[in-house]
């Protein structure tokens, strides 16, 4: 298609929207969708996502990127121009529990993910059959904290080989090194099985059961080097009762994890997420 | 304050956003919030709400309105310029059940409604004390279908006298004439005690109970002359079970009605609602 | 295991609970879970589900069933004694859209359904591979209204051959004959893609879009010969906005359909549903 | 009315339900509603709430209480017999923010609370008018941490004078002494403005905003001497977005606080809550 999106971030001041929309008008582009947000109307940070259609986009790319440079400089913008047709490559990391992986496979197979599942990496073998039956390469890389660096070397080689843009931790139960996390900053999506910041860390369902909460949740976030403290992308919850034991919470929670992670991945693939400090703006 | 909002609607084509934002830039206005929507990217209807701040707005009003005329003509826009400081005047119509009225009084008293409750009109006396205790004029106008025209004459006189912009039917159980409805087109907000289009018409809780639904809801909509068929503004629902009898449904439903109507009124007062054919766009 | 459940229904009067619990006590059974409901405390219908554990259940079955006959006669009960170990056999009927089928396969494979998927019948071939990969027999039976009786003959033969207890219509887009429906009374579960009674009949998402609703839903119900009017088992909804077009509604709706149908099937398999007139009691 | 409720708690073993229901049958009582729960079917704690109707209850009270003593002793039960007609006396403590107080007043005035609001105590004057307009005594007791003991002396005298059964902290921003808390164990209900255990302690909305959560909540719980760690009675949440600033979160949160506290109070008044260790069982 002939669609593309600008993601723009800069200090707010008068004339930004006028300049961007004028630019698109002059380049014969039709705005399809435009969303903006200003952190603080009195001179805060400005964020914008603008999707447009432009006849003969393939041949216009160079011109658009070059010409926009001027607008960007004037307002001191950080910006990206993403082409809708260029699907992002995903790697999915998974451990023993495959419910989140299955959900992503199902969304992908239904044509609902604007991205390619380039490969799946697991420290267990049990997902191989289902992954390979979708024609997706599956790599079994045993992992534990003693061999963390070797494991990541192998993973990084594969990610490079497959040109991976974004890594999805679909219940991958190994900790990643700060270097790995840094390398995939804002491109490394995790699903945590609690309503953060409640129950940070291990065994959230067990602790939720012990605390006697009346609702449980799940949280998808970009991974940073502060455990479970990265920018939250999406959360959801379900009601539970005293009749639900720990196993029930886990079961109910898995269903929440599936949909929360799927939404977060979808939004990332569609360039709907901007990160500012420790928060996300979702357009 | 120095804030105002454009509400714009026209046929979509290239350059609209550029023209409007350029106009604001040239008039030294800072965009605070902007939302837009196009019904169909291939040449459908275009909708926009743009809130801006403009130093010394009081003296600029004339210029803004006159100058925008040119932009509007170019794109054949229907448009409104609303000043945030000019609060809308509401009339609340209510019958015996006062829960929705109380919710609006509470929101208003908390400073959460950008509008004035100019008066309350009821065909029952029971709300008088609470209304008058807020310093709001209360008018008791007995009503039934045989005296509909006389009743509406009296009501219309009061609405004119109080310069009423929007009429809220907060569980007002009388039918209004087509003339009245027409006169307040898109300015007459009703709360219906079901999840429309389920249970159109009378006794929705009774029918919901008989049907054995597992959730009940409420719907706020602009009134048209097709019963319960006007553009839906907001809906919400709550879970019920076989243990809830008709009285329970009514009780649970009242709580939904309160919040659904309050949200609809708030959005109307903040000029967040555009109506297109039989639907609303909520910005 | 040594678990079983009584499902009891009778006219309410004093002493029912005492009689049933005394019976279980005398037969050395331990009550695990007990739920009851009376339609109207002044002499309405009484419903009860009581799950118990009984050492050496296998050899006690005959005695339990024979002895309970006396209790049942005294209170004129209709009752069933279900053994937890005896899983029900399901047949899943599906047409082109497989999302609900996939959800049931996933729940079943995760060990979350207390039932066997005995076979899948479809009037399309596209689900064959995924069904057979789970080791479940798949039957392709082309269907249309002109050959309805022949089709049902074939289906009934299969249902008998596989000893099917319950038929799940997981988006099966063919109408069944009154005889078929009657034969599987309260054992034929459908998923309708709207929040019933809104949008009964065909094309609910299209009509929901046209009506401009702010929430869409799905409803699982037992099929009767009144289209979409059977006893509702479960419903759920999601919020939508003016930005969602018909295809978006369908996509969002599919996710609701999946979880609503899965819950309904689970409850049926666990004998949690009693039907009274046109309503369900869910224990 | 002739209604009463048993609340029963004991170690699970065979025959409890049989004994209780037999007792009621022999005393000519009709079971209206009965709910039970066993923490662990293999010999855990057993909980039961059983509501019944008994002709001429007034004169039967002595007999019922005396006779049940035998049943209770046999199973080593802790139990309470509550008469529906005997409404509990509530004291509401409130500080500056009155939204929760108003909700309780509204529920009470609508006849939806099975309890009396005996008095309101505040460390601010601003709620006086609205409280007294309902004919409820209002006491202004200035409070701060330096005079905590004197303040509580005064409060305790009032609570005794008004025969108060349950104290509701409807956004009362003073800390209570361990003695006070101990005295009102499981009869002191607080509303915390976060989805506990997230944001324990002060300024939850501010911290929720800083953390960038996508949902905010409120929690009602019995107060213990561990800050915000008491048994949770009810929780609820609402979705928020990056567009909501701290003031918006507070506003949205207030609406959640109102309904969560109202539900918790209602359940307490109807004897629906049993406390076991740090959890609640809600029947």
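Points to keep in mind about this one:
Read from first to last, the chains carry the letters A, B, C and D; within each, the first residue is number 1.
Here is the rule we go by: a contact is a pair of C-beta atoms (placed from the backbone, for glycine too) under 8 Å apart; a residue touches a chain by one contact, two chains touch by 3 or more.
Quick caveat, the model's predicted, so the values are computed rather than measured.
Looking at subunit B and subunit C, the chains in contact with each of them are A, D.
With contact taken as defined at the outset, subunit C and subunit D are each touched by A, B. For subunit D, the chain whose average C-alpha position is most distant is A. In a homomeric contact, the two copies may use the same or different surfaces; for subunit A and subunit D, over half of the interface residue numbers are shared, pointing to the same surface.
The mean-CA centres of subunit B and subunit D are about 37 angstrom from one another, to the nearest whole unit.
Averaged C-alpha coordinates give centres for subunit A and subunit D that are 42 Å from one another. Residue positions of subunit B in touch with at least two other chains are not found.
Taken chain by chain, the contacts link every pair, so each chain touches all the others. Of all residues in subunit D, those touching subunit A in their complex are 37, 195-199, 210-215, 217, 231-237, 241-243, 278-282. If you check the complex, the residues on subunit C that touch subunit A are 99, 102, 106, 110, 112, 133, 251, 255, 259.
Across the complex, subunit A meets subunit B through its residues 12-18, 21-22, 24-25, 28-36, 38, 41, 53.
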